[in-house]
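Two complexes follow with subunit A in common, the first pairing it with subunit B and the second with subunit C.
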Partner chain A sequence: MEDIKANVVLDAKGLACPMPIVKTKKAMNNLDAGQVIEVQATDKGSTADIKAWAESTGHQYLGTIEDGEVLKHYLRKSSGEEHEEKKHSRVVNNAELEEKLKVDENIVLLDVRESAEYAFNHIPKAISMPLGDLEDSMDQLNKDDEIYVICRTGNRSDLAAQKLTEKGFTNVINVVPGMSKWSGETKKMND
Partner chain B sequence: MSKRVAIIASNGGLFDAYKVFNIATAAAATDQEVAIFFTFEGLNLIHKEAYQQLPMPEGKEHYAEGFQKANIPAIPELVEMAQDMGVKFIGCQMTMDALGLEKADLLDGIEVGGAVTFLDFAKDADVTLTF
Partner chain C sequence: MTVQVMTSADVTKKIFNKEKLFILDVRNQSEYNDWKIEGENFTHLNVPYFELLDGVDGILDKLPSNQDILVVCAKEGSSAMVADMLSEAGLDISYLKGGMKAWSEHLEPVKVGDLKDGGQMYQFVRIGKGCLSYMVVSDGEAALIDATRMTDVFINFADSIGAKITHVLDTHLHADHISGGRQIAEKTGATYWLPPKDATEVTFAYEPLEDENDVTIGHTTINIHAFYSPGHTIGSTSFVVGEQFLLSGDILFINSIGRPDLAGKAEDWVSDLRETLYSRYKALSDELIVLPAHFMTIDELNDNGTVGKKLKTLFAQNHGLNIADEDEFRKMVTENLPPQPNAYQEIRQTNMGKMNPEEEKQREMEIGPNRCAVS
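For the complex of A and B:
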């Protein structure tokens, strides 16, 4: 199984309800917005609890992996990014990208979400290049290619598109809203 | 807007304590505003001595082993967490008077109030529970 990168790993193994949630809440307070936490628990109720907890607190539940007795839950701290203003001028919507993917074999699609988000669910053609690593990884890309950038809600991809344009990429397009509303084909963790 | 949870604790056994404090800590960890009104035997749950040795229901003593095996946190541990996360504890003045309890007999950091103190909090609650 491929390793999923998390900024923080929380050990809640052996703890009974409601301790995994309480510990998660505490650990989450020390995270920066956008960071990913891996919560290791053995309480079987924790999967449903963590999901419900994320929903009511507004954090993003990415998924859970079973590793023997241990459940590894992945969460990403929210930042209220849904409300921020977008700036990169060239934009397509999900449907337009989906069409494009069908007709154009050579399309370059960058997924700039955290690698944990990518691991659980991504568009088959997408290349993972988390926003934080973009600066170091962009050398692998061709400056004249048509590059589509996607994230979850269009915010991180907007920043990535701006950064790429600033660095001399001439043909960068932001995909909105992105994976949160993507209804096309995806590749999932367990496929 | 955070949700508000109002809980009445009116029984004093170990199982009652778990029902009350589990829900309270889980709600507080989910960014909800929680207050518990301790009345009648419920005052046991915040009594400095009693809350460390709450009784299992009669005939259910054999569950003690299961609690240990499942690594269920002790009540004082849950109470501390609840208070840490800002759960408000309100002791019922009327019951305290009737049972001859002083505020000093109860845990630090609690409030003492009458029914109206609780009702004032509960009138805007999204969830109200009685144990």
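For the complex of A and C:
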């Protein structure tokens, strides 16, 4: 099983409803926008409740994995990123990327979401390179390659594209809107 | 204001008495939509507990001031929290002890009537799930039919009326709930009877219930005549008790009829089901009181809380018994069926003895409403 990175791990094992959510809500207050929390719970009902709670509060429910008796729920704190203006000028839409994926075997596609988001669902050819690690990881990339950048809604990828361009990458393309509306093939946690 | 605790038995009384009750159900929306506590004069509000963590001010104006309010959740914890908050806001409030978990397991014993030759017929109403079990008592002996997995309730009840359980019978292999029959038979030393055609894969010993088998209880002999009535399952068997009651299993309900598809054999069993309902049942005395293994909606309850009606009333009123056209009948029982019960395959495996899930798992498998009828 892939190791899923979280900024915070919350132990809610052995606690009955409503405590897993009460504790999650509290812990969420101390997270920065966009950060990921792993909630460990043993209450079977926590999966449906965490999911519904995330929907009602606008946080992003990434998924749950079962590790023996323990349920590990992954959530990403809402970031309000949908409202930011995009600045990187070269963009393609999801459909155009889907076409490109069909013809270009060697496409370089960076997924700049958090590794936990990537772990639960990503485009098979995408490489995980979370926005926060980009500075350190970009050396692995070739400055003259055509590089597609994708995230959930097109904003983090916009920032990543700007950053790459700033550092001398010449051929960077942002994919909009990104994974939130992706209807093509993906690789999921349990595939 | 203090918080009161209401038990499942208290709520059941309110349903039987058609009392008013306002239920604040704090489970998540999908669980609430799947099943809830229903009573003729119950009203509901669903607000998940996790939307109330910051306070209950937002819902105060939606709560009535002139009737009892019961907060309900899955297992009690969240409803107790919300009840505390509402109590602090000045309301008189109760929460349901044990939550929906306890509700789904509550059995309410009610007496259906006396048997002509002495003895009584009791019905155990599993009010939260719609399962009905029966105890026939005569002269210190008892036979139990379609018992659910809350085995202590039956054993304790028999003790309380001074009866010894000597026979345990299932009308068919259940797919919607876990049978307690085998366990009760083991604990009490009673004989466990099953229809052999439903029991071909079971992993334990049983006595085969076959056409015209008579099971006799008590010295004054109450006969339980078994007769083969396939349709819901291939082995489905009905019982006539004391020439007064027809225990129809999942073949005939009060407002509907059984579905033939839970073992994946809808097309094959349609004609069996029709034969049973339109010929075999027709040949019986229409004065028999039909006692089914399930009720679907709360309006099927009689005023005393029992579920049962005369066969002639059902022949007059039950739509499923009044479809002259065979094709139309076939369509009704094979098309547009409600979703299959939660975990019905696993439940069948458990009832065959092929699986032995822990209690918590059994509970989870049974969650949700009963769906043994065609509509």
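Following the convention adopted for this analysis, the second predicted complex is superposed on the first by the 191 of 191 C-alpha atoms of A that agree within 3 Å, B and C clash if a C-alpha of one lies under 4 Å from a C-alpha of the other, contacts with A are read in each partner's own complex, and residues count from 1 in each chain.
Simple rule for what comes next: a residue touches a chain if its C-beta (ideal position, glycine included) is under 8 Å from a C-beta of that chain, and two chains touch if they have at least 3 such contacts.
Source: prediction; values computed, not measured.
Placing subunit B and subunit C on a common subunit A by superposition gives a clash between them. Of the two partner chains, both subunit B and subunit C are touched by A:56. In the superposition on chain A, A:16 makes contact with both subunit B and subunit C. Shared-chain residue A:38: touches no atom of subunit B or subunit C.
After overlaying the two complexes on the shared chain, residue contacts for A:48 are found with subunit C alone; subunit B is out of touch.
Once chain A of one complex is fitted onto chain A of the other, the partner contacts of A:117 are absent, as it touches neither subunit B nor subunit C. Of the two partner chains, neither subunit B nor subunit C is touched by A:158. When both complexes are aligned on chain A by C-alpha atoms, subunit A residues 16-19, 21-22, 25, 49, 53, 56 touch subunit B in the first and subunit C in the second. By the touch criterion given at the top, residues 16-19, 21-22, 25, 44-45, 48-49, 52-53, 56 of subunit A touch subunit C in their complex. Here subunit C touches subunit A in the complex through residues 28-31, 48-51, 53, 73-75, 77-78, 81, 360, 364, going by the rule given at the top.
Contacts from subunit A toward subunit B in the complex involve residues 14-19, 21-22, 24-25, 49, 53, 56-57.
The part of subunit B that touches subunit A in the complex is made up of residues 3, 22, 25-26, 29-31, 70-73, 81, 85.
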